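Dropping the structures in below, format is structure tokens.
You will see chain A twice below: alongside chain B first, and alongside chain C after that.
Take a look at the complex of A and B:
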């Protein structure tokens, strides 16, 4: 009898869990399987286009001991962290400005920052190619005005171009996250700190920043995620000098046709990104809660 | 300020302070406007060159033309990329809206740790860099034997758009009043009827907003598509190949059209979300009942 009760209960709990099955299937087929297979692939080897299913760490060793690869990895981290930082440094004060100075047109101001996100990413990057190129707007204007005889060549196909473009595409993300946090800082707290004699600078340091730095950190993290794995920007405006790690991964898929190495590089990139995000999370916990 | 009188000094200090404040405020406004200029310069540039009567993308301005817009229709490759990309995106929107909503409802109503863990897993593809998702799916499809083409792209896009729909709908679900559902159940409606007549109408705007977001995400996607596409290109892939090897002003023209359409869509979507307007309600029952209240 007892066993019958157990099966009944088991069946009931199974029926309750039944709706979760498609969700579990989705997670297994489209998340778990591809990642496991990528991991397996990264441990295989190809030689002259033929895949050998033997387990080896050669790809990882190749990915982290090759000088060129390492240099590009270092550059990728430097550019991505730099661009995400600059974007946050521009967007956070801007969000604070919108929260404090604007009331009637606040929504419009926010919308105007977000609208570029709805224009194709590819197009926004491509536009910088038109602006920065040797025949681009800046250079042709400089030459037309007689300010320069030759175009400024550092602007396109350079680290500078990649950095500028990534900062550009990051600003809306950093802005939205900063704004969401700053908007929730109650004005009453600022009034209270002013009444207590704190200067605006001190009020910012002791009230606003501690309550909103998590938003800034989320914005920074979003921007970092976008920049560190980007392929389109370096390929479009980076040239040889601006090559990033993402370009290397895509090359393993295309030109070089070494999928196992590409898979190993992808996993290196994932681990690195995870480590950077963990660092960000560690240093920017909110002090106190708003709700 | 020759007089050493005490009463004069504060007045001088105050005017200095207010002058400083004005200067600081001017700087703040200038910086604020400079960011907008920075954000819009590239977009305006593309728009302007779509109407420039020259095959070279440089100043000076060589006259107004609409020929690049006309050329879109005559460029067969561009047109087939556009229609193929649209069919991919429409399939993705249709499936992602249903599946994403289903997942949100399931996660919202189930108890325990399992749904939370599964949700976290399902979200992963939306966070990882596109090339990592693209490569991992390409490897999987190669091993399983799914050919590169329409369906491989659709599956790839679903992997990162379904979690977006799920999160948007889940956010709405968590704000709903549970007593409505309970009342419906108490009155004898089964789970499905309750969903269809009580929950779903409250989710409609969220699903619509998520669908629009999915449409733009899918239609614009390049990197994942690059890994999964066969010989037929989507529009962004076509633009990508064109912009890398040369320049055709039709690209500026089509991009300007798509940009304009996107902005119209975002305006509709924000209106829908902000005001909770139901665009399907029209002059029907709902509107009237609202007025009656």
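Take a look at the complex of A and C:
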């Protein structure tokens, strides 16, 4: 009897879990497999473009001991963190304004911020070439007005250009995440806070920020992920000075044809990003829930 | 006449010292306050003048949309009057933001901060006012004890029941010892039994702390049982201000008579007949006080003032039973009498014994018929 019951129960629980199978397969295929493959590649040896299936840590050692690679990694983290921070710093107050001050045109405002996402990434980056270039909008205006004799050269093909462009493409993501979080903060909590004697600034610090910083962190994380691995933007507006870690990785899989080194560098970037995000999550945690 | 009954102290005299020694000073004064919301065509609050005295439990009673919550929100400072003035402790508070007003609110949905423990919620107003740490601890414990929430001080709002959240919200509003405590239908979300417990607890609490309570509700039972005085509002204006007893037994307007309790309402006239003042309501006649104004008017007679036996009142009339409605603890018996349908409240078992069309005698005391203008 008992064994029958167990079998029944086992069958029932198997049935309950059945719908999860395609989900798990999907995740395994799309997320797990590529990463495992990359991990395996990063541990193989290569010599003069030929792959040997021999275990080695050499690729990792090469990835983290090369001065140029490390300098570019440092620059990449600086630019990506900076751009993601600036994007969040711009998007969060924007979202607060939309949530608190707009009622009728709220959706329109959200749409306006998000609309650039409908346009190809390449086109959006290209637009900055037109704005920042030697014959671009800014430089030609400056020269037209007689404020300068020659175009400002730091604007295009520079770290600055990469930073600016990445900030721009990150803003919609940071905005949407911040908006979703801020919209969930009930107006009655703000009234309760004012009622208890909190000035608007203190109400923000003690109520609004703690209840929405997780959203801001998600926005920051999205922006960081977008920026830290990017190679298109550096390729188009970065020039030599604006080279980022993603560009180096792309090279390993293309021109240099050193897949194991490329894989090892990818894993290094992955771990670093993971660590950064863990740090962000650690500092934006809030106890208690909005129901 | 009506103006005088609304504001016990004369308009223009300062509320603090101008009153007679027996009457406590005015803490909240509405001076012809109106409120029109942006985009609205009608006034949410329409020419309200009102004095709320120190230490009293004052209720604002009205159906939804009557403007009672708007009145409360204007005292708190969440809304600004479109015209008229609101004085707190004799000072015009126009333009003073909520965080600089010495009033606290218990919100309808409690509005506890979800990311703070109960302790942190209750200490919040003190922290915002930069009260010293040791004093904060002391006052938080004291206030939590007052609402019997000491054991739950480390919990978060989502770990509490509705009644507990309500008490926590009350503690947060009381901890700063405000001059006036504003309560916006605070018992609305609780079930009946808890609501009745909390009514008693609230009234007791108000007596203990001696703070002026302004209590907004649509529940006449709450207003009648807890208030020292109450205002009845309808469509933005005040219908009547008075003690629960005055409002219940001497409604000033047909609205009040109909809204509070259950009353027979009808039109009639008061005439002078061979030296006596007599009221005519349909075919029923009854004597009225000699100083009753003559002419057409409305009459109100509470259901419980109508008795189904002929000896209970001085006026007895014959009629026929139209319908009996069973209400559980009692019955409503509708009796057609000479062109008037009188509803009597009777014990349930008496209601069961009656059948439609049956002839019956009902009686009432002439003194319980209220003459209303209009």
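Here, the second predicted complex is superposed on the first by the 257 of 291 C-alpha atoms of A that agree within 3 Å, B and C clash if a C-alpha of one lies under 4 Å from a C-alpha of the other, contacts with A are read in each partner's own complex, and residues count from 1 in each chain.
Following the convention adopted for this analysis, contacts are C-beta pairs under 8 Å (C-beta built on N, C-alpha and C of every residue); 3 or more make two chains touch, one makes a residue touch a chain.
None of the values given here were measured: they were computed from a predicted structure.
Asker: Taking chain A as the common reference, can chain B and chain C both be placed on it without clashing, or not? Answer clash or fit.
Answerer: These partners fit in the superposed model.
Asker: Quick one: name whichever of chain B and chain C touches more residues of chain A.
Answerer: Comparing chain B with chain C, the partner touching more chain A residues is B.
Asker: With both complexes overlaid on chain A, does A:136 touch chain B (first), chain C (second), both or neither?
Answerer: Only chain B is touched by A:136; chain C is not.
Asker: Taking the superposition as given, does A:103 touch the first partner, chain B, the second, chain C, both, or neither?
Answerer: In the superposed model, A:103 contacts neither chain B nor chain C.
Asker: On the A-aligned overlay, A:65 touches which partner chain: chain B = first, chain C = second, or both, or neither?
Answerer: Neither chain B nor chain C is touched by A:65.
Asker: Of the partners chain B and chain C, which touch A:186 in the superposed model: first, second, both, neither?
Answerer: second
Asker: Considering only the touch criterion stated at the top, classify A:270 as touching first (chain B), second (chain C), both, or neither.
Answerer: Only chain B is touched by A:270; chain C is not.
Asker: Report for A:113: first if it touches chain B alone, second if chain C alone, otherwise both or neither.
Answerer: In the superposition, A:113 touches chain B alone.
Asker: Taking the superposition as given, does A:198 touch the first partner, chain B, the second, chain C, both, or neither?
Answerer: Only chain C; A:198 stays clear of chain B.
Asker: For the overlay built on chain A, what is the smallest gap between any CA atom of chain B and any CA atom of chain C, in Å?
Answerer: Superposed on chain A, the two chains' closest C-alpha atoms are separated by 8 Å.
Asker: If we count contacts the way the header does, which residues on chain A are in touch with chain B in the complex?
Answerer: Against chain B, the touching part of chain A is residues 16-17, 19-20, 22-24, 26-27, 30-35, 37-38, 41, 90-91, 93-94, 97-98, 101, 107, 111-116, 118-124, 126-131, 133, 135-137, 140-141, 144, 168, 171-172, 225, 228-232, 235-236, 246, 249-250, 253, 259, 262-263, 266, 269-270, 273.
Asker: Mind pulling up the chain C residues that touch chain A in the complex?
Answerer: Per the touch definition, chain C meets chain A at residues 76-78, 97-100, 103-105, 107, 109, 111-116, 124-125, 128-129, 156-158, 172-173, 176.
Asker: Show which residues of chain B lie in contact with chain A when the two form their complex.
Answerer: Those in contact with chain A are residues 28, 31-32, 35-36, 38-43, 45-46, 49, 56-60, 99, 102-103, 106-107, 109-110, 114-115, 118-119, 121-122, 124-125, 127-133, 135-140, 143, 155, 158-159, 162, 216, 220, 222-223, 226-227, 236, 239-240, 243-244, 251, 255, 258-259, 262-263, 265-266, 270, 274.
Asker: Can you tell me which positions in chain A touch chain C when the two form their complex?
Answerer: 186, 188-189, 191-199, 202-203, 206-207, 210-211, 286-291
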